[in-house]
Every structure is written in C-alpha cells, then in structure tokens.
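First chain A sits with chain B, and in the next complex the same chain sits with chain C.
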Partner chain A sequence: MKKISQSRMFLLLLPITMLWSCQTKDYSALVNKDIEEFRAYFTERFPEVELDDFADGVYAIDDNAREQWLAMEDFPPYSIAVEEGQALFENSFSNGKTYTDCFPEGGAVRHNYPYFDEQRNMVVTLEMAINECRSANGEPPLEYKKGDIAKISSYMAYISRGKPVEVKVSSQGAYEAYLKGKEFFYAKRGQLNMSCAGCHMRYSGRRLRSEVISPALGHPVHFPVFRLKWGEIGTLQRRYAGCNRNIGAKPLAIQGEEYRNLEFFQTVMSNGMHFNGPASRK
Partner chain B sequence: MMHIYMIAAAVFFLFPSSLVADEPGEEQIELGRKVSFDSMKGNCLACHMMPGGEQPGNFGPPLIQMKARFPERSVLRRQIWDATEKNPKSIMPPFGKHGILSEEEVDAVVDYMYAL
Partner chain C sequence: MKKLIPWYCLLILLLSGPTLYAAPSAEQLILKAEEARKGAADLGFEWRDTATLIAEAREALEKGHEKQAAMLAGEALRQGELAVGQGTFMHNHWQEFIPVH
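Let's look at the complex of A and B:
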C-alpha cells in the first residue's frame, strides 16, 4: 500500500519536476554540444584545415582557387566599399549625431552581432542595428541586401577584424530562436528539395559543375562579401536569398525572422573563430 | 484459343508501352539528351560525369553503363522520379515528384540513360 502511494506521488510530481528542469536547462551546454559535433564533422572531413582557416570559405579547402583568390587580395575588390562605408559611417545625421552615438568603440563592434535581445525576444543582426540607429535619429532606413547598408557593415567588419565570435545562447527564448535556425539549416526545401546542410556539409568540397562547394563552418564570419558574380558588395542574407532561389525555393524576407534565426545558428556554430570580413568571393 | 487472343489484345491496349517502348527511336533519345543537358531541366552535368559533357560535377556517380547498373528499367525511372523514396537523405532532386520534368521528359531521360 505504501509503495503504491509513493509511486502515485511520483506521478503527481512528475509534470512539476519536468517543468522545473525545463526552466533551469543549461542552454549553453546544449549549444556547445552541437558546436562540438558540427565542428568535428568539418575537422574530420578536412583534417589539414585549422579552425580559423575555415573563415576563408572554399579557399581554405581548394588550393587552386586559393591561389587565384590570394592574387586578387593584392587589390581586394571590397576595399572601395570599406572606404565608402567609412565615409557613410562618419557622416552626421541631420540631427548632428552620427553612428558612433549608437555604436561604441568607433563602430568596431561586428563581434557583438547577431545577439538575442531578451526584451524584444528576437535576434538582432548588425544590419538591423544600423537601420535602427538611423530610425532613432530620424533618418529613413536603408534598403537591406546591398548598397549603403552593406558598405557600412563592411567598414564595421573591417575595423573589427580579429575579434572572436562569441554568440551567447543563455535563455529559453534564445534557444528557441537557435533551434529554429538549426531546423532551417537542416531542412530540405524548394523544388530541388535541398537543404543548407546537404550541400555545405555532406557535399562540401565536392564539385557542382566546376564550382567547389564551401564548408558551412565559418560562413557568417567573412561577410559582407564582394562577390564577383554580383560585381558589388552584399550581405549574408542576400546570399541566403540567392541560395534559396537557386534551389527553387521562395526567397524569404531579408532580415525576416527565418534568415535572422539562420544567421544566429550559423554564427553560433562559428563561436571560437575570428571575424575576418569583408571578403571577396567568386 | 479465342480467349488467349482476346487477352493478348487486351494486354496490348491496356499496356501498349510494355510491348512497344522497348526500342525507343532516335527522336526520343535526342529529346532525352536535350532534357538531360538543359541546365533548367535535368542539368545532370551539375552533379554527374556524362559522356559528351564538359566540366561535370562530382556529387553523384558517372552516368555510364546505365543498362548494366539498372537492369530493371522501372528502378532507374523511380530513381529519377524521386530518389528520396529509396534514400530519404539523397540530395538528388525529385525530378518527377516535384514537377521539374514532365512524365514524358522523365521517360525520355530514362531512354537516353539506357543509350549511355
């Protein structure tokens, strides 16, 4: 009899204990386990590549392409965007303030983004923060994807080079955004039924026609990029939209929830690496 | 005896392809070749080495000796129609299932593959 009442008691308490354990979950431990597995996949696949070198994308794994890329780096095509970005960054708003009133360290804060804003319960990216700075100062927002916003972002990335990636996931809200980004990364989509992970994990280093597929590890670290195909500088989320279009999927809103969560997940996976953007890519 | 003729005739009208399509004509193979190389349709070269194609990708195996590798025509057709049926993780686009190719185009690609 006593035994039964004990087990009944346990059953009654079970939901409460489950709820309690949910609230005290160690989110960074869960995320760190993912990071470890994700990283191990690439370090086993490309044992000769150092962790930080994955920031160079496909040029870390393809010697032939790397040589051409290094030659291009003598006069990097993104340098004009950095200069123009600096001028835009230093320009005063009509109220006399500048971006430095929003961003400390003279704007060398690339490494503080993306982050999860607990009050607003959402991921905030650098490009989003740039536009929010403008709105706060009575300026119209810039169009996302390319142009001035990519130039300002490039300048801020440039003066933040070498800063470590340390995105934190320390609340349930942040973990949920992270999980949504993770699901996006692994889920097949579009007419061609492909996922980010399909090409950029399982087939990274293989050739699609003559193009070697870049490893996903470190993708966000080198953006914005001057892409020869674009002939100009563009943001990471512009690339997401292009990738989605390529696989016959509907490109989603730039700086919409889906892409921000994906950027959040991808940047978390790059924790421990160092920002080295902007960069040039084919 | 009469019954046998009737059954044979019924089989012929119900499943004409099973009796007629064994040897596809040159036109059909040419259509399959075009669809296979068209980058907006089959785009096979993106992932597979293929005779007559330059700078092939290497996601998938070379498309050679297809008849020996797929003695069963229906197995090859199903692979092109929806490769994830056999392997859910397959990265190969489900050409038939997702309407990338029409049924006729899938048939033509199978005929072309058999000619490789």
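Let's look at the complex of A and C:
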C-alpha cells in the first residue's frame, strides 16, 4: 500500500516538476555561456585588441587600414546622412506628430533594439520600429536597405553613441529566435558553401583578395555604415544580403524573420560593448 | 513462325529502347529544377543563380533552342538539388561548425 502511494505521488509530481523546470529555465545563463565562448574566440585570436575596440571592425585589427580610416574620420562620409536623418526625424507627419511620439529620449534609443517582442513573438529591429511608427501615423513605409530609413537610423545611432549593448533573452520565445539566428550564423550556405562564421570567425584577420576580413564580434554596433563601395549609407541587413550574394546564396527578405533573428543573435553576442554607429567602411 | 517470335521481341525492344531511356525533355527538366529550387527556398538555402538559370532556360525553350534550354535547366536542377542537400544537412549539423578557440 505504501509503495503504491509513493509511485502515485511520483507520477503526480513528475509533470509539475517538469513544468516548473521548463518555466524556470535560465535562458540568460545559456546565452551568457555562448557570449563568453564567442568573445574568448576573438580575444584569443586578437589578444592585443580591447573588447570595445572590436566595434571598429577590421580597423581594430589592421593598423594600416586603421590609419587610413582615422584620416577619413576627420570628415566622416556619414555626417551628411546624419544631418539629413535628423531633419527627417524632426519633420512632422501629415497628422502633426513626429518620430519623437514613437521614440522616447528624442530618439536616442538605438540601444533598445533589437528586442524580442513577447506579445508578437518576434524580434523587432530599429528599422522595423521606424516603419511601424510611420504606419501608425498614416505614412507609407520606407524601403529598408538604404535611403531615408538608413539616414533616420544613422541619426538615432549617432545620438545613442556610447550606450551599452544589453539585449535580453529572457523567455522561451526569445531563446528560440536567438537559436535560429545562431543557426543562420554558423550554417554554411550558397554555392561557395560558406557561413557568416566561416568568414568572420575562422578567417577573420586574413586576406580576401586585397581586403582583411573583419571579426564578427561587434559587427552590429557600428551600423548603419557608409560604405565606399555603396557610395551611401546602408543598413546592417543590406550588408547581410550583400554577404549572402557574395557566397552564391540567394539573399533573404530584408527585415524578414531570418535576418531579424540573425541581427538579434549578433547583437546579443555584442552585449557589454557600446554602440558607436554610424560608421564608415570600405 | 514460332522461331521468329524472339526476333520480333528483340526488334520491339530495340525500337522502343530510345523511347524508354530518352533523356528528359527541356520542359521536364525546367519543371524538376523549379521543384528543387522551391525545396531549397523552403529550407532557406536557395542559391543565388538557380532562378535566373530557370528563367533563361524558359526563354531559350520559347525561342526553340531545346538543347540550350535543357543544358540551363539541367544546371538549375543540379544547383537546386545540391542546395536542398546543403540545407537539410546544415539544419541537422550546424552546431558542428562552431569554431572552437
């Protein structure tokens, strides 16, 4: 009789215990372990580079390129985009409201993005929030890769400089989005069978034709960027599409689920660093 | 007459051989390539040039260039199948490609 009641008790408690353990899964601990390993890869590869300096991309690891870049920074090519972005940001919508009605702190909120929206069960990026602000105020959405959205995003990044990256992964939904982004980052794709990690981890610091490949650590914190190749300012996801095309993969939808999750993962990996966008790059 | 039956059978086989083992037409290849491309796209692993190759194959077929169309569609099919294989493999094995420090 005693044995039966014990086994019954066990059967009763098992699902409760399982449910409890699922609910209290420490996603932050799982993610922090990943961050630690990701960061260790780069700090061991480039021991002379300070953590925050990785925000400068390839210019943190290539002295010659850094000198040229610093010279360019005297009159940074993104400054016009920042000015135009400010004007666009301060312009009133047709209903009389402005972006400040959507974004607090006068728009200095770059550090709040991307984040996982629990209600919508999806990652929200800054560019997406800009377009959602427009839609909420009866304005047509802007094209995502470049142009006005990149300018507004540049201005918001500029006035958010120095703010820490603190992306939270605190729910199962957020962790799943994070894992999808992580999978995208490490999975090889395209005709060249290459991954983000293949180039920007394994081959970071090595040459690809005449260019040195940048380390992945800190990639999202300096975007949007004015690329000399583009001759204009562009968003991080525009760069994702270009990278995918370069390796012979069909670029995915800008601000689609895959790229948003990738941006989420990459930004989580930059936690503890500081936003320093916009930036100029070759 | 009975002696001729095996010869008739052989003749039928020889005549039907090319029909039975004929290479797929350009149109069939285009359909197969499109199917493979969609499969790769569903996995999120479509290659950059597959859709272009299929479009070029369709254009060549419309112009009556069957051989060129078949060649282009064949390449698109090869790409589509490789992309499906790549996507399927990566979904199951991506963690093996995390570099260790």
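Quick note on the criterion: the second predicted complex is superposed on the first by the 262 of 282 C-alpha atoms of A that agree within 3 Å, B and C clash if a C-alpha of one lies under 4 Å from a C-alpha of the other, contacts with A are read in each partner's own complex, and residues count from 1 in each chain.
The rule is simple: a residue touches a chain if its C-beta (ideal position, glycine included) is under 8 Å from a C-beta of that chain, and two chains touch if they have at least 3 such contacts.
Being a predicted model, the structure only gives us computed values, none of them experimental.
Colleague: In the superposed arrangement, which partner chain does A:Met273 touch: chain B (first), chain C (second), both, or neither?
Modeller: The answer is neither, since A:Met273 touches no partner chain.
Colleague: Considering only the touch criterion stated at the top, classify A:Arg209 as touching first (chain B), second (chain C), both, or neither.
Modeller: After superposing on A, A:Arg209 lies in contact with chain B but is clear of chain C.
Colleague: In the overlay, answer first, second, both or neither for which of chain B and chain C A:Glu37 touches.
Modeller: Only chain C is touched by A:Glu37; chain B is not.
Colleague: Contacts for A:Ile149 in the overlay, against chain B (first) and chain C (second): which applies, first, second, both or neither?
Modeller: After superposing on A, A:Ile149 lies clear of both chain B and chain C.
Colleague: One more residue to check, A:Leu252. First (chain B), second (chain C), both or neither?
Modeller: second
Colleague: Per the contact definition in the header, classify A:Asn193: touching chain B only (first), chain C only (second), both, or neither.
Modeller: both
Colleague: In the superposed arrangement, does A:Val123 touch chain B (first), chain C (second), both or neither?
Modeller: Touch partners of A:Val123: none, neither chain B nor chain C.
Colleague: Counting residues of chain A in contact, which comes out ahead: chain B or chain C?
Modeller: For chain A, the partner with the higher number of touched residues is C.
Colleague: Check chain A for residues that touch chain B in one structure and chain C in the other, and list them.
Modeller: 191, 193, 198, 202, 248
Colleague: Which bits of chain A are touching chain B when the two form their complex?
Modeller: My answer: residues 191-194, 198-199, 202-203, 206-211, 248.
Colleague: Which of the residues in chain B come into contact with chain A in the complex?
Modeller: Against chain A, the touching part of chain B is residues 45-47, 55-59, 84, 89, 91, 93-94, 98-100.
Colleague: Inside the complex, what are the residues of chain C that reach chain A?
Modeller: So the residues of chain C in touch with chain A come to 41, 44-51, 79, 86-87, 90-91, 94-95, 97-101.
Colleague: Across the complex, what residues on chain A touch chain C?
Modeller: 37, 40-41, 44-45, 183-184, 186-191, 193, 195, 197-198, 201-202, 244-245, 248-252, 258
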